[in-house]
Each structure stands twice: as C-alpha cells, then as structure tokens.
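In the two complexes that follow, chain A is the common piece, with chain B as its partner first and chain C second.
Coming up: the complex of A and B.
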C-alpha cells in the first residue's frame, strides 16, 4: 500500500558537536497541530518552585555517581602524562611497572588516541621517528605515540588492584624524552621564528568581514575613540567529578560503560569501537554526574585507555582522572586576545568598531564570538584567527567564546561612555537595537540601585571605593528534534516516563517528572522517571543550553499522548467523550462524575497504555538576552576587590522549575565572577608547563568571595516556549564585574583576572601620568 | 579564624604543625613551602623520575583496620598509606561512597567526614590513624527516610545542583551547627570556606544552613549554646 507522502517543513536548529554549536537547516515532519504550553501563569507545577527529585539521594550520599561505581574484580586505571611541552620519546620501557605486584595491565597510548588537535602534527612526526619500546605493552599496530606536543599529554596507562598501586606503576614506567623547542605563549608563538606547533604554521586565519578602510574613516570622525587590547587567560571547567568512566567488560559479547558525561548517547559508539563490539552491545549508564560545563562529550582518551585495559585484562576498569590530569588534558575555555578600536559621537551613538580577534585554544582552534557582539555600529570590521601553542586543546565551556567577547566589547562600551560623559546604561540602550535589553537593563538597575553609583569613576572618598558595572549577553538556547520520550501508565496507576537523557545537575530529572505530572493532573511523587541510559529513548547531548528546548517539547508531546490514551479508555466510564475528561488533583472527572486516578486506571488494558512523544518545534523558541549588574568594593591601598552584589536578569520563556533556574543563574554568575577576578591558567613560558594545575593554586570562587546574588527571571517574556538557561546566565557577569571595578577606582584592567597587582600597577601608572 | 580542618592537634603522632596542605602522601613526593615550588617538585617527582626498576619502593605493608563508621565496626585490609577516604570508598564492603574524592589534597572539602565529631578532610587522614575513632559520614547524619535538619534544608532551598560537593557541605554544616547553633551569614561562610562548589550553589547553601539552624532551635529550644561557647 502506498503511504501518503509525509508533509515536511524546514527549521533551523542548533547542532552541537563536542559542545560547539552551529545552526543548521533540517527538515522535520510537519505534524500540523502541536500541543501548547499555555500561558506561564496557568501551570500548577511548572513555573513554580519544585524541589529536586534526586535531592534526597544527593544529600544523604546515596546517589551513585560514575566515580562511585565499584564492581567485583574491578581494577583502577591511571595515566602517565608527558612532563614536557614538546618532546620526542626516545625510549619507553614498561618492564618494571609490569613487575609490581598488583599491576594487571600496562598499555601505551596509541598515536591515534591523542587529544584532539595534536593528532595531525603527531602523525607526520611519527613517520620519521621510530622509537624503541620495551616491555609487553605496545599495541598490536605498534602505532606508539612518539612525539608529545603539550605538557600532560597521555603517554601510557596502567590498571592495578588499587589506585595506590596504579600510581606506583605509573612512576615505574621508564620514558626517555628528547626535549624539542616549544611555544606555550601565543605572543611568542606568533613570531616568525617561533618553534612550529603545527606543521602548517602557528596562525590560522579564520574569517574576515567588513571594510577596514571605511571603518578607519568613520572612527577618525568620532568625538571619542578608544583603542585597547583585551586578554583573557585559559580557564578551567573544574567539574568536581573528574572525567572518566568505568568500563564493565569481561571479555564477553556485551559491555556497560558508566560514564561521567554530558552525552549518554556519545558513549556506546566509541566504547564499542575500542572493545571491538557492535554499538548495540554497549550500554551507557549515567545515573548521576558531577558537573560538565562543556568538557564532557565522548569517551575521550581516558575512555579509550580504559577500554584498552579492560580488553587486556577481561576485567572491569575504573579510569577516573586525577585532579592534575583534569587540569592538564581534560579541556578548558580558550584564552583570548582582542585588539579593539571603537568610536562614538558625543550624542552617544556608537559609530564604528575595528576588531582583531585571536582565539587561543592551545592545539585546538579555540572559540570566540564575533565582534561587535550584540552591538550594531554603522561600520564594523573584524578579523579572527586562531593561534596554536603547545598546550592541550580547549573544549567547549559554558557559552563557548561568549564571555571573552562580551568582556572586551563591554569594557570598550563603558570606556566610550566615560569619555563622552554619558551614563553607561543610557549609552547601552541607545546602541542596543533589541528593546528586550532595555527592559532588562531597567529591571537590573532598579535592583542594584544604579542611581547610587559613582558618577565619576573612582570618584568616591576614602581608600575603600565602591562601584557598579553593567554588561549584556546573548545566546541561542533553542533545541532540535533528537529526543524520544516514552510514557507508560500501568493498570495500578503507576506512571513511568523514560528517556535516555542525562542530568548534569541542571534538574533534568525533576522537570521530566513535572511535565508528565502536570499534564496528568498528578503530583510529582506520582511519576517515576528513568533517565541516563542509552537503552532508553534517544536524547541529545547536553551542550549549548539545548537540553530543555530539545527534551521538554518531547516530554510535553508524550504527556499529551498519554493523557489522550488514558482518556480514551476512561471516558466511557464517565459517560463522556475522551476530549471532555478533565485531569486534575489526582482525579479524572467530567459529566458530573469523578474517579480517583487509581480507580480510573483500573479501566486500562492489562499492559497499561504506552505513549510516545517527539520534538515539537513550536513548544520551544530561540534567542535569549541577559543582563548583569555588579557592585564591588576596591581597596586602593591593597588592590583587593570585594564583590558586594550581583544581579542577573534573564529571559527564558517558560521556566520549568523556578528554583532550579534560580540555582543555575546563580551558578552562571559565580563562574563568571571567577573568570573576572580569580581564575586563570598560569604557564611558565620557558619550561612550557602549567604552574597551577591544582585546587591549591588555581583559585576557584569560594564562600568567602560570595557577594549577595540576585537572580531574576524576566517574566515579561511571554513566548510560551521553553529555552535553555545554562549558557546565557554566565556570559555578561565578567564584563559587569570589570566595569564595576573601573567605576569604583577609575582603573581599567583589560587583562583577566583582575588581581590586586594589576589594580595597583594601574594606580601607579596613573600617579606617574599626573606628576 | 583557622579552618578547623587545618588543626592536626588531635593527632599526637603528627610532627609539629604539618599543615593540611603540606601533608602529601605517596612515594617520593616532597612537600615544600611556596606553591610554585610545590608544583615544580610535584612535576619532577611524580612524572620525570621513574622509580627504581623492580618497584621495590612500593612495599608499604598491609594492615587490617577496624573502622567505626556510622556506628558500625567495619574491617578492611588496606595498605598503611591508604587514606581513610580511599579505605571507605574502595575497601569497605559495602562501600561508603558519600564522601567524594575531588582534589585528594585537602583543598575542596568534598571528602569531609567527622572524626570524633570534628570535621576532617578524609583524603588527608590515613585509615590506620582513624581506627579507635568515631567516624561519621554524610550517610550517618540522616537517611532517605529520615533526613537531618541540614539535609532537609538543602532539599528545600535547592542547595545542590550536580551534588558532588553536597556531602561535604552537609557534613561541615551539620557539625558546625552543633558548635554554633545560631550562626550569622558571615559565620556560615567562614565555616564552609574549606568547601568548594563549582556549580555555584553557595547562596542556596547559606540559606539552607541558616534555615536549618532555625529548625533545630525550634525543635530543641534548650540546646541553644551560649555566645561564649562559640569559637570565633
């Protein structure tokens, strides 16, 4: 029989590869009617404060994370890292390590498993440099890593009875290196005579746009011009649960991988390939996971090594990275270096911007949003390139490229406003065409008390100077058609919703339940969710704030289908039509009759009813804003900055769970505060190594740094659609804090993090200029 | 105020003031003063110098330990160098995995447990030093059916996201409220300064701590300590 041709329509959706988002056009089935969320204030559970369904497990220590998985006969893996930024391995001998009692397997890193970015360069070098390998650890292909291209690059790995013995074994592996010249600083790597990081050169031009001459002419006619350089260091995700997984493979036909990942479905394929199994033979399990922030997609080199070791030993292997590993080869936010020149007229019109942007992603390309970011001067020019250095490749990190770009342009905007002596928020509003920013700026300004701020930067009396700053951001936050949700209602009234998606700490489990409960008129505790398993319905990886807008529409669709299916069976009992059945307060009612949920479900067939849901485009939207205000106090005698208060206003369409959204906005502000004031990788240019790969020396914001934090959901967003909030909540705070420091003390620090020494240096320079 | 977990005074065998952050364990790792020097030494000893062939240096000796965890006597065979954290997570059967391994160097607080009711970083305590002491982990503070006041407040105030730091915070705060049942916001911040959260739950953690203190006070009005008992 001929199937009628499906009606298709084209939609733009974000595609996230390794956490990096690009928009692509796809065709989806045009199913006509989509369910609707209805007005934001018409919900019973959604858009309210819902306590997390997994919170009791997490506060009692009962939640089992991948790091906590312990299986009978399990071995512990450990990785040996290169101590050099660039070196040739001349000898690798694992004999001594293999002799240590308790060591079960040693493997060397095949050259194909190197961390993203270094692969091409490595392959070329490998051809020319045969090395001597001792011990029994070489892989069959003998494709051993011969050149290391960054400090921390994995070289070998072991599996042992305990992590302590694995540590011993790592130390007993003999590696001889012949150090090669390296370049770990972008500015040095850009010099013509710099050591070659990549065979094709250390600078890769990415894109150019605009007419530079026109921009120069426009700037020349401006009343105020600012020309400056902005730089941000490499910043780390620092998820508390490190990367890694437990591979449960005992030589049979199937395997299970317990992974700390943002993408349950990014695990089985790679794992299967390493183990030599078909993809369907591998199940990925992600019950609970301890933070990702963009760094955890795929099995990574650590997963490949775990599979290798498991295959060798026919035993489960737990390979969780150490904190040092995590800093040295598990990804980071790329650094940035931006040269901006902008001009404005005295009436507050931003006229032109010239931007040269360098992404500093180590061996990777790095990321940086294009200037002029959210502003639209009449004339603008930009050129963007990547500069390669002998450092591990950057990865996506919460709003890849955006805080770097927002910081630079927002500092420039603030400086221009100061130069033409106009209130920076008035200046912003004049130059932001999108008026949603205007209402968010007004809301935030009210909350922080903007009228109290210094009218002249550094103008207040005394050594403790207070100041306020503002900045804005933008993000896509839309979803795509990848999720398949199944709902089952049993005859005893039990409701189970299942989808393979993962909860990174964002509250996926909770809204998964809530959307179903809302539709069926039940309470949260009446529904059980099953997530974090690749044998359940497909789901997208959690990157780019796409989880909610991809998953929630499918949940809603499944919920509606489940409701209709139940109504179809119960309506005859009530003597009404299925569409007339009202689901509320744990009851089904209509026609003057009412049945308790369990009573009603007794009318279902023995197997209950099953309903499936798919993505519905109209249930989600795309494009969010976000404004942050910060107040700080600067001690001009010590240069110390104390954050006082931060306010973030965020549009998010329909907030599924206000409590979790507030938490996530707080988290965005705090990570951004860290980037503004505390965090940054410190490299030794001569030795080529990172000086602070530990929580002792890499400063994370802690309790003592916490200002008062106010997260505001912009309830004037009436889109009746869901959007993600993970990325947008992080973007603007870094610029807001930098601008607050400037407003407080009159010193503009353009190199993050804003540490006391930089403020004191700024004061000194200012003094000198005065005298 | 010194972080309570800095204080090694309850360890008679400890050398004078080792300082929690210089107490490095393992083979051939040397503690040094300045952070950068620390790092360079770590680089040198951990990575560059292979141990003597044959790995003779690893013989640490095994020990049978009896650990009193959450009111139960538990036995395990560990190496003398095994930390209390690793003993609980990797050797006890069934495991006690509420306390998390995050930094393994006494910085983050995710491994916090109570040793004779005092919070310690269990990644810096050797299992063999924890025998004959009362060990309380987050699992011992409350159970799924009966959360303690701090755990309840954490649920209500959404004081957790990924939850990896949560066992540490819950343990630290539960112990602190015993010592200071009526803390100010600043005192709560001070009490948790040895705990990191990367998801950014701090504001809700503070709210939860203050709210738990209120609940405790309401439930046992007589238990309120006097100001002089409160160490500042």
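Coming up: the complex of A and C.
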C-alpha cells in the first residue's frame, strides 16, 4: 500500500554555527495537528516561579562538572603557549620535558589545528615551511617550523601524573622563536605599511549599503548633527569553568568525553576523528557545565590535544584550561570601532545616518550588527569591514555583535535628543516604528522613575550626580527542528524524560521536568530528567538563544504523546474514551471515577509506555525586543560611577519558568554592566601581549558593584509560544548605562569601559574649554 | 610553581639563619631562587604561581610564637606583631577607637578571605602589582631586565610621583597610614634587632636597589610594628580610591592625620599618598601649609595643590592628579570633622 505523500511546509529557522546565527529556510512536515500550549495565564507549573531542580547539587558542590571528573589512571594535560604575537618557531626540543619524572607524553600542536581564524594564514605560511605534525614527541634534532600569529597560540602540550608536573614540563620544552613584526592594535594594523597579519591584507570589506551622497545631503539639512567615534574593547566570556574536557580512552574501541560544552552533540564527531574511531563509538557527557556564553562549541584545540595525548598514552587525559589560557586563546567578544554621523530635525525626526563600522576580531572576522540597528532613519548608509590583528580570533559571545552596535547608536540617539532638547524616550518612540518598544519603554520608565531624571545632562548640584539612561535591543530567539525527546512511564509510576541536550546553567533541567509534569498532572518531583549525554535523543547546540525554542516544543510534543499513550491504557478502567481522561493533581479521572497516578500506571504493560516527541513549529516563535533603563551616580571629582538601579523589560512569549527567566535577565544586565564600566582586554602595542589575563587585572563586576536589578517579563506579549531569552537580555544595558553616565555628569565617554580616568579626563577637558 | 623546600622555624633566630644567602654581593642576593619568608602567603604564593619568584626554600614564620599579638592602646601606643592578620587589625576595638585610620586602611584591603590570612608584615613587604612585573614572560627592570615597560606602555595605574627608572606604585594600604601615624618597624637580622622609622623603610627605585622596594636584606624579618601614642591618631583616616569596589588595589589613596586645638586650628598634620609613587609618598609642604589654619575650603584646596606639586604624569595617568587632590581634600575634611570639602 502506498503511503500518502507527506504534506510539507517551508519555515525559516536559525542555523547556528559556532554560536553565530543565520536564518535558513527549511522544509518540515506539516502535521497540522501540533499540540498547543494554551493561554499563557492558564498553566499550573509553567509560567510560575519554579526552583531550579539542580540547585541543591550546585549549592552543595555535589554537581559533577567536567572540571570535577577524576578517573583511575587519569593524566593531566597542560598547553605551552606562544609568548609572542608573531614569530617563527626555529627550534622545538621536547627532550628535557620528556625526562621529567611523571611526564607521560608530549605532543606538538599540528599547525593545521590552530584556533579558528588563524587557519588560513597559517596554512599559507606552512606551504612554504612544511612541518611534521605531532602525534609523537618531536625529537630534538627535528626542527619544527611553524608560524605563531598571536600571543597564547598553543605550541605544544604535555600529559603528566599531576597538573604541577605538567606545568613544569611545558616550561622544560625548549622553543626558539624568531620574532616577526606584529600588529595588535587595529588602528596600527590599518596603516598601509603595517605588518601583514593576513596574506591578503589587514582590512577585509564585508558589506556596503545605501547611498552615501544622499545621506550626506540629508544630514546637511538637519537641525542637529552628531558626528562621533565609538569604540568597545575586546571583552571576555569569563566562564567560571574554563574550557576543556576529560577524554576517557584507553586504546580500546570506545571512548567517553566529559566536556564543558554548549553542544553535547558537537563533541563525539570531533573526538572520534582525533582518536581514529567511528563517531558512534564516542559518548559525550555533559552533566553540568559552568558557563559558555558562545565560546564552547566543538572540542577546540584543547580537546584535540587531549585526544592526541590520550591516544599516545592509552590513558584518560584531563585537559582543562588555566585561567590565563582562557583569556589568551579560548575566545572573546570582538572589539568594535564605529564612526557615526547622524542628523535629526527639531521635531524629533531621525533623518539620516552614515556609519563606518570596523569589526575587530583579531585573526577572526569579528561580528557587529548593522547600523542603524533598530532605528529607521529616512536615509542611511553603512560600510562594514573587518580589521585583522595579531590577537586570537573572537568567537560568538552572547548576542554576537549586538551590544557593540546598540551601544554606539544608542549614544548617538541620546546625544541627538540632548541637542534638540527633547526627552530621549520621546525621541526613541518617535523613531522606533515597532510599537512593542513603546509599551516596553513606558513600562521601564515607570519602574525607574524616569520623571525624576536630570532634564539637563550634568545639571544637578554637588559632586555626586545622578542620571538615568535608556536603550533598546532586538534578537531572533526562535528555534529549529533538531530535538528528539523520549518519555518513559513505568508501571510503578516513575516518569523519565530523556534528551541529550546540555544545560548551560540556564535551567534546561528544570523546564524539561516541568513540561512533562504539567501535561501529566504531576508535580515537578514526580519526573526525572536525563540530559547531557550524546547517547540520548538528539538536541541542538545552545547558541543563538535557540535551546528553549528548539527543545521545549519537542518536550511538549513528547509529553502529549505520553499522556495519550497512558490514557489509552487507563481509559478502559475508568470506562471512558482515552481523550476524556483528565490528568490533574496526581490523578487520572473521568466518568465519575478517579485513580491515583500510581494506581493508574499499574494498568500499563510491564515495560511501561514510551513516547517520543519532535519539534513543532507553532509552539515557538521568533522575534523579541527588550528595553533597559539604568540609574547611576557619578562622583565628578573622582570619576567613580556607582550603579544604582537597572531595569530590563523583555518580551518572551510563554516564560516556561519565571524564576529562571528573571535570573537570565539579571545575568544579562550584569554581564552588560561589566562591559559598560569595568571590562576590557588591555594590549601592549609594542610587546604584542595581553597585560591583564587574570581575574585580578581583568575587572569583572563583583558583588559590591551590583545595583538593584529589576527584571520585568513583558506579559503583554500574548504569543502562546516559547522563545529564547539569554541573548536579548544582554544587549541594551551597555547603552543604557553609558547614557545614564552622560545624563548624570554631562560627560560623554565613547570608548568603553567607562572608567574613572575617562570621566576625569573629560571633566578636565570641559574645564579647559570653559576657561 | 617550582618545587621548593618548606621549613618551619620556631624562633626568629632560626628563621634568619634559614633565610641566609651564602654567596656574597647584591647580584647573588637578588637572584631567583633565594629563600623567602612566608607569613600569610597571600602575595608570595601568587608570585610563585605566576613564576615571578622561584624560591628554593620557603621559611614559614607562622610557627614562631608571639608575633601575632596586638598590645597597647591609644595612651601607650601600639605594638603590632608582624603576623597579626589584617582582620585582627580591622576588628581591634582599641585601634578602631584610637587609630581609626589604621582600621580603615586594614578594612580597605582585598577581600575578607585575604584579610583573614594576610599579615601586617606581609602587607608592608608585598611586591608591586604592575602588570608588566606580574607577567611571567616580561623581564622588566624590576626582574633584572633593562627596561621599565610602563614608562612608555600601558601606564594608567603607574606612578606620577617619584618615578624612574621604574614607575611602579607601592601597593600597600597599611604603609601610608602607618607612616602618617609615625610608625616604626622592628627588624631582626643576623646581627640582632634594629628599629627603622617606616618613612625610611621604603626605597625609591632611583635611590635604592631597583629590584627591591625596601631596605630589608634577604635575612631580615619584620617582627613588630610600633605605632606611637600621638595627638594626631584620633583624627586619622584612610581614603582609598578603587576603580572597582570589590577586590581592587588603590588607583590612589590618602592617609591623613591631624591634631587640632579646641578652636579648630591645626597644630600638626600628616599627609601620605598611596598608589601614586613607588613608595608611600609623604607630602610635607601640604602638611606645613595646614599648621595654624582652620580646615576651610581654601586651606584644603591649597593643601591638595601642594600635595601633588611636582607630579609628572605619564601618558595615561594624568587623571591621578585631580583624583588625588580630591582625596586629599576629602580626607582632611573628614579628619577635621567637616562633612564636605
């Protein structure tokens, strides 16, 4: 019998490669019978505050992270990094390292296994200077020629009985470098006579759009014009668990990789390739992981080295990066340099914008959202280029490219509003065509007390000046069809939901349980989740805020299928039809009868029932906004900025767990506050090295920097669909804080982070101009 | 970190012997690998982990009895054992009452965890925080190299006073305050005890050995800090400016102490700046300018100007001049009893 042809339909979904999201059109089956979430206010567990199910494990330290894995016979790996920004290795001798008692293996980094972005350049160089690829230790006589292109580029690695021995051993490897000219600062790299970072040149034009002459003419007719440059430094993910993994391979046919990763299913293929095994022979385990923020996809150079060392020694190898490694070669948010010229009319119409945008991603392309970002002036022109420098490649980081673009345009918008003397939120509303922003702006303004702000920037009396700022953002936050969820209900009533997905710390475990429990009329504790294992059902990598919108629909589908399967077996006991069985309060009822859950499950077959779920497009949606307000106090005599309050309003459709969503939003504000006021990589242009690769000198905000944080879920978003919230919650706060500083003291700092020295220098400049 | 010998002397004399460097000459004494004393370990362990120092032997001072006591009071002055922790100092009721600036200085340091372990002696002897110094691969002037990279590099945090050829700033918060209070340190070495006024203890790179920050020899140990009774102690304060309130070193700090008569006229004053020079920086002209005056706005502004006279900022630290002037004014206003400056 011929199967009827499946009805297909086309949908747009985000495709995430290494955390960078692009939209692609795909065909999915049009099942037409997707389950529905129902109204957002009609849930029993969802859209409520649910305590994180893994909280006890995490606060007691019982949760096992990759960093905690200790296996019998395990060796510790360490990586030797290049101390130079650009150099040719002329000699590499591992003899002394191999002689250290406790050292089990030394390997040289094959030049093809370099960190993202530097690959092409390195390949070019290697054509001229072929090197022997590692795998076995290089004998002293065998000179290895390799070009290193940034400080921190991995050169060799060792495995030893203890991390301390491994630390000594990497220092015993003798490497001779012939230093080559380098360029670590974008402005220097752009000069015509700069050392070539890339064979094809240091500037790569990416895109151009708009008519520059028309824009210039439009700006010339404006009542107010702002022309300024904005820059943001390279900032870091600063995951509390560093990158790395433990490879459990002992020379057999299978291997297990305990990885700190955002993508359980990005691990087995990479690992298998390095070990020479079929992909199916490798299991990835990601029970808990300590932060990724876009930097942890695939096994990375550290994972490759771990595999090589494990293969050499036939022993498990733990290769977790040190904090210095983490700063130097495990990713960062690309810096930015933007030259903007914008004009507005006295009535508050944003007329035109001319934008030249440079993405500063080291050896990578970097990322930056296109200007004019969410605003729609009548005329706009932009050109975007990447500038290459001898620094490690940037990677995706929580809303790649967005905070940089948002910061610059939001400062410009604020300056234009000040110039035409119009309330910045009135100006924004006039120029934001999407009215969802309007309601979010009004909600945030009410919460922060916008009417209390300085009408004139810097206008209040005394040295301690308060100010408020506002900014907006946007993100996709939709999902795609990748998750396969299995639910098993046992005859004793035990419910297990299984899917291979990792939990980044964002609460995946909790909503995985909650969606099933909600559907089956059970409580959270009645369901157990199994996640973080590549032998379980497939799941997408957590990038682009796609986890919830990809996984939750499949969970809902599986839950509904499980309910129907249980109902099918239990309905006869109640004397009703399966679709009439009501699942509520831990009971199955209907037809005037009621069975407790366990009683009911006794009717199941010996093997229980199994149900599977897949992604259902209508259960998720795409497109979110987000508005942030900040209040700060600036001491104009010291330049000190004290964050007082931050408010973020976020639409998210159906919030699965309000507590987790609020926590995500708080985290977004905190990370953004760090970028606005404290954080930034500092490079020495002459030495070509990073000066602050530690938590002492790279200044993350701490507890004492925290303002009052108010996360507001925009419940006027009535979409009965799930969306991601990780990235949108980070974007606008940088601009909001920068604008609050300006409103407080009248000094506009256009170069992040806004540190006291910049405010004081701004004050000094202003005083000189006055006198 | 490299392997090292761990020793547990029970007396100062034994510790001094264990710290002895056999070879003669300054070069031998500065070489990497010489024995080092360990108090709370909060600085030396970081330098070892970062491989800035690689002592072949650590001499643990914590087994020596009697160095962890605070004795005395405002009337008699204080004797503070070198192993007294910063937490002890910060919580000591006599100090809080009679030497408030000292308690404030202790409280301004690092984090509660570090203050629980860090000692007074260790705080005075900690190494600079300059990032060039702290990076393993940079061999700067202070590590036997030929160049101070901060002179022309990223020098936002470096010295505006007393710099050259090295431009480090001294990181101790206790030192400026103790100098303002007229403190001395008792040092024990192979030839016995000696007492050194704390304002003679620290050495400028252009005057002393550029690789060191103070007059101690390798086998000298600070055993005690003596703070005299003083008419200025009760009106003392320490203002520390940090870029980040959580765990940070001073961009600039001011230790101030004054004695005033009943009418509010200054009899004597001490002003010592931290975070701006390779040593705690005394401001004698500013101190003198206050004598015989009431602490009004004009007097404070003049003292602030004088305290920073002679400042020569590097390319990226000119902000430290107005910042420190503000701190001088505010510190004086605070000890003078006024609420604002």
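Descriptive notes on the structure:
Assume the second predicted complex is superposed on the first by the 754 of 771 C-alpha atoms of A that agree within 3 Å, B and C clash if a C-alpha of one lies under 4 Å from a C-alpha of the other, contacts with A are read in each partner's own complex, and residues count from 1 in each chain.
Assume a contact is a pair of C-beta atoms (placed from the backbone, for glycine too) under 8 Å apart; a residue touches a chain by one contact, two chains touch by 3 or more.
Values in this document were obtained by computation on a predicted structure and should not be read as measured data.
In the superposed model, A:663 makes contact with chain B only, not with chain C. By the touch criterion defined above, A:761 reaches chain C but does not reach chain B. Using the contact criterion defined above for the overlaid structures, shared-chain residue A:175 touches chain B, although it does not reach chain C. Once the two complexes are overlaid on the shared chain, A:640 sits against chain C while remaining clear of chain B.
If you count the residues of chain A touched by chain B and by chain C, you find the higher number for B. Of the two partner chains placed by the overlay, neither chain B nor chain C lies in contact with A:512.
By the touch criterion stated above, A:338 is placed in contact with neither chain B nor chain C. Legend: residue contacts after superposition of the two complexes on their common chain; A:709 is shown touching chain B, with no touch to chain C. In the superposition on chain A, contact is made by A:686 with chain C only, not with chain B. In the superposition on chain A, A:164 contacts both chain B and chain C. In the superposition on chain A, the residues of chain A contacting both chain B and chain C are 83, 164, 167-168, 171, 689, 691-692, 694, 696-697, 701-704.
Interface residues of chain A, counted against chain C in their complex, comprise 83, 164, 167-168, 171, 637-640, 678, 682-687, 689, 691-692, 694, 696-697, 699, 701-705, 755-757, 760-761, 763-764. Residue ranges of chain B in contact with chain A, taken from their complex: 21, 26-28, 35-36, 38-40, 42-43, 46-55, 57-58, 60, 79, 81-82, 86, 89-90, 95-105, 107-108, 110, 137-139, 141-144, 147, 151, 154-156, 158, 160-167, 170, 188-190, 192-193, 195-206. Here chain C touches chain A in the complex through residues 1-2, 51, 129, 131-132, 134-135, 137-138, 149, 152-154, 156, 241, 243-248, 251, 316-319, 322-323, 326-327, going by the rule given at the top.
Interface residues of chain A facing chain B in the complex, by the touch rule stated above, are 49, 51-52, 54-65, 67-68, 70, 76, 80-83, 95-97, 99-100, 162-165, 167-169, 171-175, 237-242, 288-291, 293, 322-324, 504-507, 659-660, 662-664, 666-671, 689, 691-697, 700-704, 706, 708-709.
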